[in-house]
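See structure below.
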Amino acid sequence: MLKVRVAVAGANGYAGMTLVSLLLGHPAVELVQLTSRSLAGRPYSSVFPLCNLEGTFEAEPDPGRAEVIFSCLPHGVGAAAASQWVRAGVRVIDLSADFRLHDPDLYPLWYGAAHPAPELLPEAVLGLPELHAEAIRQARIIACPGCYSTAAILALAPAAERGWLGPDVVVDAKSGASGAGRSLSLGTHFAELDESVRAYGLAGHRHHPELTQELALLSPSALPPVTFLTHLVPMVRGILSTCYFDLVVAEEELEAAYRDFYAGQTFTRLVPESPPTKLVSHTNYCAVNVSSQGGKAIVTAALDNLLKGAAGQAVECFNLAFGLEPGLGLAGGAQWP
Amino acid sequence: MLKVRVAVAGANGYAGMTLVSLLLGHPAVELVQLTSRSLAGRPYSSVFPLCNLEGTFEAEPDPGRAEVIFSCLPHGVGAAAASQWVRAGVRVIDLSADFRLHDPDLYPLWYGAAHPAPELLPEAVLGLPELHAEAIRQARIIACPGCYSTAAILALAPAAERGWLGPDVVVDAKSGASGAGRSLSLGTHFAELDESVRAYGLAGHRHHPELTQELALLSPSALPPVTFLTHLVPMVRGILSTCYFDLVVAEEELEAAYRDFYAGQTFTRLVPESPPTKLVSHTNYCAVNVSSQGGKAIVTAALDNLLKGAAGQAVECFNLAFGLEPGLGLAGGAQWP
Amino acid sequence: MLKVRVAVAGANGYAGMTLVSLLLGHPAVELVQLTSRSLAGRPYSSVFPLCNLEGTFEAEPDPGRAEVIFSCLPHGVGAAAASQWVRAGVRVIDLSADFRLHDPDLYPLWYGAAHPAPELLPEAVLGLPELHAEAIRQARIIACPGCYSTAAILALAPAAERGWLGPDVVVDAKSGASGAGRSLSLGTHFAELDESVRAYGLAGHRHHPELTQELALLSPSALPPVTFLTHLVPMVRGILSTCYFDLVVAEEELEAAYRDFYAGQTFTRLVPESPPTKLVSHTNYCAVNVSSQGGKAIVTAALDNLLKGAAGQAVECFNLAFGLEPGLGLAGGAQWP
Amino acid sequence: MLKVRVAVAGANGYAGMTLVSLLLGHPAVELVQLTSRSLAGRPYSSVFPLCNLEGTFEAEPDPGRAEVIFSCLPHGVGAAAASQWVRAGVRVIDLSADFRLHDPDLYPLWYGAAHPAPELLPEAVLGLPELHAEAIRQARIIACPGCYSTAAILALAPAAERGWLGPDVVVDAKSGASGAGRSLSLGTHFAELDESVRAYGLAGHRHHPELTQELALLSPSALPPVTFLTHLVPMVRGILSTCYFDLVVAEEELEAAYRDFYAGQTFTRLVPESPPTKLVSHTNYCAVNVSSQGGKAIVTAALDNLLKGAAGQAVECFNLAFGLEPGLGLAGGAQWP
């Protein structure tokens, strides 16, 4: 199989590490460079001791060697470099938040600074294949959505498209600790998080505007406000989005709309019972269940935040962008427990 | 200190075990009998090896020896015996669901059988001291509310009393595994629950009618429907209730109402940040936070399901019923982490 | 690629489920039958909802359809059927304990009954490729060793072969809960196991005679007694074997012997730091570290009990037995965290 | 009850926080001061929000106000101040390592600097009541032993005293994450520690010389080397010490010696089954089990590292030092699960 030359920038965080693991097993990938400013000069084996991966971390990606750069750099950092990469003819699959929001005025509100490369925003495509497969195939810049946004968008998109979301959508999201990354904080100290669950970011979470942008694009009329609240759960991986909204059609009709919407999708699947996150742990699947209680629809969606919520979805986008099978390199089956 | 003669029926489950631990350290309690049908004839030390507790489990409670029986029997079982106990002049503090619902017609809907002692329902008092302290002092039958109900009622009562709950109340509740009891099931098998979170009981949970009964009693007008959904989280103890409802007053006014409502309460406290369940773990406190996002109030309440949600609250009721300090025997301070 | 027709007997436990997941992604496998007495008649999708696996569980394996049967049946059950399978020309890869011990007199001591098929024992080969690759290639019956035994044998084999194990070998083994299987017990109830570690089986564990059989076969002289103690740790997957024995050579010489012994091995690797079990979680690797403290060698070995300790090693054996690459279908890379 | 004026220095770590919780419920304690350099000027309620504790953290302890200072300062820091405190007539209960080792030459080997107050070492008493109750009653400086040392000493002391420890003692110790303190590190990041167990400090742990000092003092002849290895387990609290040594007497005689040694002890108890750490979690008990396998004794000891391994034991010492009941303020019973 012809191989695409791939570089990974910022390969030292959880998303980057997961991405490298996936790319190592991908039959159409030649991994030409891993970068990390903090690890520059150290051998790859210091981070990936069992992977037979020869080479040394470099500080900066070299667009001369790669056809595509997966960027796992922090927000603000990758976007600043991206225009240079794109000008050099390299495609960019960005796992940061930099190219997710189309409106450049939103960026400073949520990220505290002006956007570093607003001229690139018009051509960036959100890397959610269930919604944007066609655009991803052609895009030079693919912005993978956040883990929370992916779960919530997939839970609500079919209802949004039909105009069935009223003024009282509540998304109560629960995530494992790896979603907070590898940086140290008291909130993810084992002794503080274990045996505890808590809400955080009550005033607002950065994945909120991604979610409303996408639902609004799908909605036939103006999207009412969406309440979105995140919780930290004592587990490593997984997101469960529990979504509540007023039923305006029968539950069967709602479920049928979801079934239509996701028909033929490789990775998003309707399941008959509300899914535990373990069902999709270590896979690229998103499992969605449609149910109701009284007059409320309850839609739950579960995914692995590091795979469908980050690195796995990035590989899906890569497959689309380079004309490959959508599930190539992502076949690792569900392993229970 | 004068001691009350106390028996515990069904002392072999988690609520019963926790209750025995509390009563052993209670200065006004003489523990005269522990019963368990499955453990009858075995020494107390087989269940409580470090407690210096002499004696042998008996099969049935003996109302001749005790002034009060704490009943941790399964629903249906305790109520059948309770009329005999009450006739013998013994007060009953029931941790099962049997005497929680005032309307006898609700019982078969949720518990699948006719109520075993409907004649006692009129005098049963719900054992939630924040709402019913006066009645608890006089009651012969005190029905401690469920763990989920306690958290949700405490999170919503002040708003209900003011008539501020509209048609879109959503209670998204998260619980640790001990809430499901000591019986074995695949859902609480370590390998299945660990590293996973899931919703369950989407169609309805038995604590739902307790919750709506109490909120309706507080409401100045008819209570709109409440959506209530439970989740199982990989931790042993703790419940977090995240409650969403439309803000009809300013957040400050809402918080002031909560502050008034809980002023002077020993165990329910307003806290300035949304509480992790660990904050109240191994204590009898319920920590409540009032916040908002856009036009939605977000009230979170955390408690330990085995203490404030079961055995601790039962001891609170005991203290009230026997004219003791409300916190007697419940002083064990918060221990972090 | 030519495909081997494979059946899995007892596909409803953790080892069986893991095996099915691996075989589904194996390029040289055609899965022709899954059996489970308890699930007979139910569709495969009831256990593997995301796997696109069509078909229905049957009660009994059919040796007429398969070239090889992976048996995940309980000990005693599979062996009774195996002679029929072998006579029908089918090769058997057994994950139970039935064919591990060469001495039929040991079986009743550890399993409480006479061996159901002692006539097959002489041709059974222990399925530990690091020790028995040649024999596995030819074997009709391959008996995969237990998860604990695999970790302890791999931790001690190089020292045993040199005759460096003295009279004070201690193996302190720690396992996650999935090693105890999917059956329910109070010991693996989440609320009892979480936040707790304990030793169990102090008098002796069934993996002990496997361990000593294999070390004795390697030893140039009689093997001294080995102390072997198992612990249950609050995690789903993983075994860590911490092995202590008197250093009779310099630590460097010891480590060199290990390096020689495992040179060229696909799955057992020497690592420079004592490995956390997470390093090999969801992989088929066994990571071994050689260290010392004072005059004691300390060798630690980590593996995933469901992969290298069960289903993964079974697939390794299958690959050898059918002349395939040793790592075929086992490439799923390490995913951290 | 007459109250002792107590200050706690360094009340912001896990041991300090636990100590404050215990002292708040202690009937003979008046808490006069909490100090923390990092929190100086902040109200106590910022760390203890539910404790009704009025006041403000100060930077330095004031020996003029207290009769006893519990020091939870880092090693090196407290010892430097202690001579001033002692000269001012204040008794010191030190939870750091500074006064544990009698030999000042050992200190720089394990702590990397000369001892800051070697002149105080001769009068310091190790705060392990099972061994040194008489000396603790009179001591001006009480040095509470480390959590690992406490568990291992209590597991081995009776055998050491009889001279039954031979040349092959192995202590395999397992601890929860709170033992590593509240400081942040990758090793206690939830995503790295959860679902993983690992050995650490293979070359040697600081609690090792405490352990051998105490066992040597008990031994009738020279103590042979002891191998001591620590492991980190994914749980918050608890230590399990699994100790192996050659049986030189019958198991019954060994167990009888343990029974004699701990007869009448309040907190160290022989238990008939090897104890899970949960048995003693949130209590001040140490549960010890004596067993054997072949010719090896296996003694397991379990305790809560923050209580019997730190703050609880410090309160025990306080009780002895001020002539109070040994268990005063430590009665909080075992709560399962």
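As written, the chain order gives the labels A, B, C and D, with residue 1 at the start of each chain.
We take it that a contact is a pair of C-beta atoms (placed from the backbone, for glycine too) under 8 Å apart; a residue touches a chain by one contact, two chains touch by 3 or more.
These numbers come from a predicted model, not from an experiment.
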Chain located farthest away, centre of chain D as origin (C-alpha): A
Pair with more cross-chain C-beta pairs in contact, given C-D and A-C: C-D
CA centroid of chain C to CA centroid of chain D, Å: 40
Between chain B and chain C, centroid-to-centroid distance (C-alpha), Å: 46
Cα-centroid distance, chain A relative to chain C, in whole angstrom: 36
Residues of chain B whose C-beta touches two or more other chains: 14, 176, 178, 191, 194-195, 234-237, 337
Interface residues, chain C side, partner chain B - complex: 14, 176-178, 180, 182, 184-186, 188-191, 193-195, 234-236
Residues of chain A touching chain C in the complex: 14, 17-18, 21-22, 24-25, 48-51, 178, 194-195, 236-237, 269, 271-272, 279-280, 282-283, 285, 287, 306, 331-337
Residue ranges of chain C touching chain D (in the complex, touch as defined): 168, 170, 172, 174, 176, 191-192, 194-200, 202-204, 225, 227-229, 231, 233-238, 240, 242, 244, 246, 274-278, 281, 291-296, 298, 300, 302, 337
